[in-house]
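My questions all concern the structure below.
Chain nomenclature is as follows: A, B, C and D, assigned in order of appearance, with residue numbering initiated at 1 for each chain independently.
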Amino acid sequence: MSTVKAAVLTGPGRLEVREFPRPRLEPHQALIRMELSGICGTDKHCFKGEGLVYAGTMMETTPAFPIIPGHENVGVVDEIGAVARERLEFSGRPLGIGDRVVMCPDVVCGTCWYCRNLHGMPWCEKQRCYGMSLTCDAPPHLFGGWAEHMLVDTDVFVYKVPTALSPELAVLVEPMVVTATLEKAKEMHTSAREGFASGDTVVIQGVGPLGLFHVIRARMLGAGHIVAVDFSPERLAMATRFGATTSLRVDSTTEEERVQAVRDLTDGRGADVAVDCAGVPSVVPEGLEMLRKGGTYIECGAFVEMGTVPISPHRHLCSKSVRLIGMTNHPYTGYDSMLRQLEIYGDAFGMASIITDAYPIEQASAALQRSMEPSSGKVVIDARRGS
Amino acid sequence: MSTVKAAVLTGPGRLEVREFPRPRLEPHQALIRMELSGICGTDKHCFKGEGLVYAGTMMETTPAFPIIPGHENVGVVDEIGAVARERLEFSGRPLGIGDRVVMCPDVVCGTCWYCRNLHGMPWCEKQRCYGMSLTCDAPPHLFGGWAEHMLVDTDVFVYKVPTALSPELAVLVEPMVVTATLEKAKEMHTSAREGFASGDTVVIQGVGPLGLFHVIRARMLGAGHIVAVDFSPERLAMATRFGATTSLRVDSTTEEERVQAVRDLTDGRGADVAVDCAGVPSVVPEGLEMLRKGGTYIECGAFVEMGTVPISPHRHLCSKSVRLIGMTNHPYTGYDSMLRQLEIYGDAFGMASIITDAYPIEQASAALQRSMEPSSGKVVIDARRGS
Amino acid sequence: MSTVKAAVLTGPGRLEVREFPRPRLEPHQALIRMELSGICGTDKHCFKGEGLVYAGTMMETTPAFPIIPGHENVGVVDEIGAVARERLEFSGRPLGIGDRVVMCPDVVCGTCWYCRNLHGMPWCEKQRCYGMSLTCDAPPHLFGGWAEHMLVDTDVFVYKVPTALSPELAVLVEPMVVTATLEKAKEMHTSAREGFASGDTVVIQGVGPLGLFHVIRARMLGAGHIVAVDFSPERLAMATRFGATTSLRVDSTTEEERVQAVRDLTDGRGADVAVDCAGVPSVVPEGLEMLRKGGTYIECGAFVEMGTVPISPHRHLCSKSVRLIGMTNHPYTGYDSMLRQLEIYGDAFGMASIITDAYPIEQASAALQRSMEPSSGKVVIDARRGS
Amino acid sequence: MSTVKAAVLTGPGRLEVREFPRPRLEPHQALIRMELSGICGTDKHCFKGEGLVYAGTMMETTPAFPIIPGHENVGVVDEIGAVARERLEFSGRPLGIGDRVVMCPDVVCGTCWYCRNLHGMPWCEKQRCYGMSLTCDAPPHLFGGWAEHMLVDTDVFVYKVPTALSPELAVLVEPMVVTATLEKAKEMHTSAREGFASGDTVVIQGVGPLGLFHVIRARMLGAGHIVAVDFSPERLAMATRFGATTSLRVDSTTEEERVQAVRDLTDGRGADVAVDCAGVPSVVPEGLEMLRKGGTYIECGAFVEMGTVPISPHRHLCSKSVRLIGMTNHPYTGYDSMLRQLEIYGDAFGMASIITDAYPIEQASAALQRSMEPSSGKVVIDARRGS
């Protein structure tokens, strides 16, 4: 095969299929034959032209059209250079043809202040991102997962997938690593009941895929009550299947009723933890109201600039004694651990069923449309399927 | 009923059944009609006369013979004073006749330096303990759970059991709260990979009941590999059923082989966490050898003085960069949370099956003998059963 | 002496001197002969009628006029009941006539969910507060420090002052305990550079007394650059004297210039920690803009409801990956430790000079007026001085 | 100058002066003109032939004789390659001729599991160390600080020194970063009174240079009582000068008396924190005995294998509920922060006076002898001085 087929986003709302030449590899590069690539909320925002991410600090134009989308990727090593064999894998495992791998889409420089001092999070001053900030305009082109092949090199964090783990579970690793938010809240737990402790009441605001993964992770970490909030009955049903104990329909309740419902679950106090997985500014004060004094709020949903919301420093922050964790990106140190958890817990939690739809590359546009329907779960591009 | 039947330990190895008068209650007291009371490792030590606990700081003679053993207790409120109705329950829930309750066996003064400054752990300078340091010699006698009734007052931490939770699961709450060791290790987790993170490799040294509960909790908190170490094939089989992924038989392997087996599981590094649930001094250096650099050791098994073991400050502590958590007792703030977890996860984990044997009060001696057999799991006294 | 003179706030702006009968003590009570009582920002808010504190959860009307203000108190035991001698002192030290003591103004019930589970912080559901929520209308009246005597009982947390510590330093203990915010941020420090580490750049927004105490504590905990922001040149000068390395005048700079000034100090990144000690909503987004990615914001200044401010969940919270600590009240477990620090570090830091003015009880109104002038530091009522 | 003079340790006890050719630089290298290089405890151990470090995991023979000792280094850039100008400095600051720099002696591979997952600590599987594991046998020879010049490249962590900081303070940065042990203990502090809080009582076992630096850091972080334990009256006097509040002479007291002295300081409880800076196994159980329940023990002194000591898992670990932090090496992320602290606090603490003696390169042997006398503080090699 001398050409590589890929879906290309040339601008907001404009998706087309292109063919690229298969690149000749340098010694530190590898070519991955793609299996599955998930559609993330960011992809939807980019498609809709809601593109200001990272508060505008990372890219002047976001995304860097034209791009090959796709940053939740799993595939198999198809060709690999001599240096990459020894040094590509994140923790030093040797890699060879046929090995299944996943990757962290964020690529960092390794030498700026953030890279030097803040290991784990890709808050690099020169951060680049597969499927978003790396254009496919110039060779070697293949910096996104909605394609037959994807190119990586030793600057990219690539992780070997345990042999027992299916691509259908491995493709979930990236968004599952995003739920390190809850692990972070767990680190913050002390006997002063900060952060997230086993048995705690956790509210998930918005149970699209990001919210569903948080429901699953909350359950994997020993949560007590899990309250799912959404307007989609299909998504609330999925949340219940994955472990949510209470559902709150946004379209048939008022904010006051939802806040009261959470208090009723907790002897009048409020939730221990609430997580914004909705990305709509108005959910933030609602989530803060739902918390008990000293509760923890996780803001990981506002990945794109959607405007401001009025917050009272007294009511919502100081007198609430809130602990708030903002979290953009996800830790590149979390992949190995999450792969192991998917191997151990994936089937017990029925996690593969979070994928409701798979489309071939040629139908990427239909896939994106489907992912924006409230009855969908995770939608993936399956590069193994012809159109 | 005007008398209360109880098993009484009058000295090492001497267990008999006595009748005590049913006490007249003060307003701040309640009488619990016992259902189940578990046998703990401490009970076995007391029975064998290995009684130096708390490094001798708590009691001059340990235990305070004669005692009614039993500190893992669940029962139902049989009679309750007016003050106790409002103030007995730990978090302020009103209590009435028929309510099922569990209790923290450790009773604290509330006003010493430890009580004032170190909330959560019963490290009180005047700590007393049901079933161990409170004699049954003088009225009102009933300070242990191997009896038809047990007396509590507002100085005791008593917790209402969720109505959906069976006594067979509720009786497990006390030893499950002991596994807060792992929750503590989880608090210590940072991006420097200290403490216990999801996906980590955890070694449990000794899988008697305490070790089995740690296997379950490690699984509930998202552990990766769980390595069970014991000499009893029955207990290793139970550990596997509850989630251990590797078994190491102590009687058919050398220490070197066991350490190597753990390294082989972890690309040569060693375990992230090891927990002493054996209570035998020699396991400590072995567990430390099993850890990777920066690993975490939990010492919660050496509840009774069993002598010293040689430790190299260089090899085992400094150059290992170990984090070591010693943990006596368990947090009285952990009961509500654990009751909720037993309600949510108890059936999914098949936890009730950890109880392998139940005996009536009259057969307490047989129960103790059975609990010391390596094929037993948790053995309980069932006060509902006649002899 | 059979009467006790006190300053009484009968309503917003109305302060008068009254005489109360000296109470007859119960066994669990003590009468404190007042030495000094500080004026806090809350006192100023109450005087101005800006009284909605604790988001309205604690008191229906706030404060509970008429009140004797004064909750930063130091005095000497003048009379003490038999029970109080043994049980009044926080950590169990015996107390006698002539002993100097300070107290935590927040009084908690000890049995609600917060008291049981959240030790350290007075987030009690039935919290009462000396000098604010306890009226002096009914006997025994003396629940505030702007008086010749103050009444305490064993429900109050009272701490013995080291004999070497002067009243002028001891009166600073309460607001210094409020700076436990920085200690909390220090607890949160990890190798992912969260929270507050030695050498970090710290911004203090507002250097009235609360801000000055934060400057001092930041220095005591090893801060690097300390940036003081205020409009008062006198207060900025005091901040510099106590260790601030950079001053930013609010009246002669724009928000953009101040944000840029902080970035210039930090190679363009932004501060590691910012603390709201101003209590004005608009400082919150400014402080968030001043932080680097992963920086920590402490909201301890918005003690009274002063309205809302627009916050962007994307820009200020998520993409900033902020850690935000809201903190109302202060830990009652922090007094002993802070008394010891005042003893060791008070003179080295010249802390007594933070008190710029002292007034007798009769001049409480003048004292309040003075405390609201931007050239004042901490203003105290000195009960030892006649008018 | 075409040759470089250096002190060379050719084997235990054998130190001589050699001349090496000045190397021709590669683009990623720089040559540092040495100013000062401190003598560390490890140097003394190496000189005495007590060389088993890192539990034997790092080097087959330790050290890799012949070596140029010296890993606490400060100097000035004398020559620098084009790549090194842009990429040598740890946080990305450009470097040029004449810039003063310090360095982390531990050199890591950047790609092994520890380097990838455990950022901050040099626990690399292929760790090399200036002045110890890098032989000077082969070109380019210059891997130690007791020389006129030292060679570094972009694999080494090099930090630009603030212009206001003297070499006499900058040379202290490496051992001061070792006291990150106390910062780690501070991170561990929670409201359950674990770790190290402001105002806490801290015992330093052994106040040679490592212990003196811990005294200073404890003071910089707000410790309360600081108890210095040593046999040298000169060193105890220095400890007092740097902030220790109590001195315990090992030669004129028994272990029981010292333990009791610590209890007497703390109302009978014991210290909150104890730190082994002595490196003698027997101090470990003594230090553990000195702790209160839940106290924290830091093992950072046993850098070289000196044998085992009997520890009771019950008495010293479990019933003590100890938190123990083993710490080998020091965090390479701590240098920038500590340089800033030396700039701000160095003079106030009179830190330069910890250097009691300086010797030219030719007198390295005399310097080592002097450093082993109990009346010495930090001894340095001053490359600027002729013999």
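The criterion applied here is as follows: a residue touches a chain if its C-beta (ideal position, glycine included) is under 8 Å from a C-beta of that chain, and two chains touch if they have at least 3 such contacts.
Please read these numbers as outputs of a predicted model, since none were measured by experiment.
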Number of hops, chain A to chain C, where each hop joins two touching chains: 1
Pair with more cross-chain C-beta pairs in contact, given A-B and B-D: B-D
Between chain B and chain A, distance of the C-alpha-averaged centres to the nearest whole Å: 39
Centroid spacing, where centroids are CA-atom means, of chain B and chain D in whole angstrom: 42
Multi-partner residues of chain D (at least 2 other chains): 91, 113, 117, 119-121, 187-188, 190-193, 267, 333, 336
For the chain C and chain B complex, residues of the former touching the latter: 87, 90-92, 111-113, 116-117, 119-120, 190-192, 333, 336
Residues on chain B engaged by chain A in the complex (per definition of touch): 91, 93, 119-121, 183, 186-191, 193, 195, 197-200, 220-222, 224-225, 245, 267, 331, 333, 336-338, 340-341, 344-345
Interfacial residue positions of chain C with respect to chain A in the complex: 52-55, 57, 113-114, 117-121, 123, 187-188, 190-193, 267, 269, 276, 281, 284, 293-294, 299-329
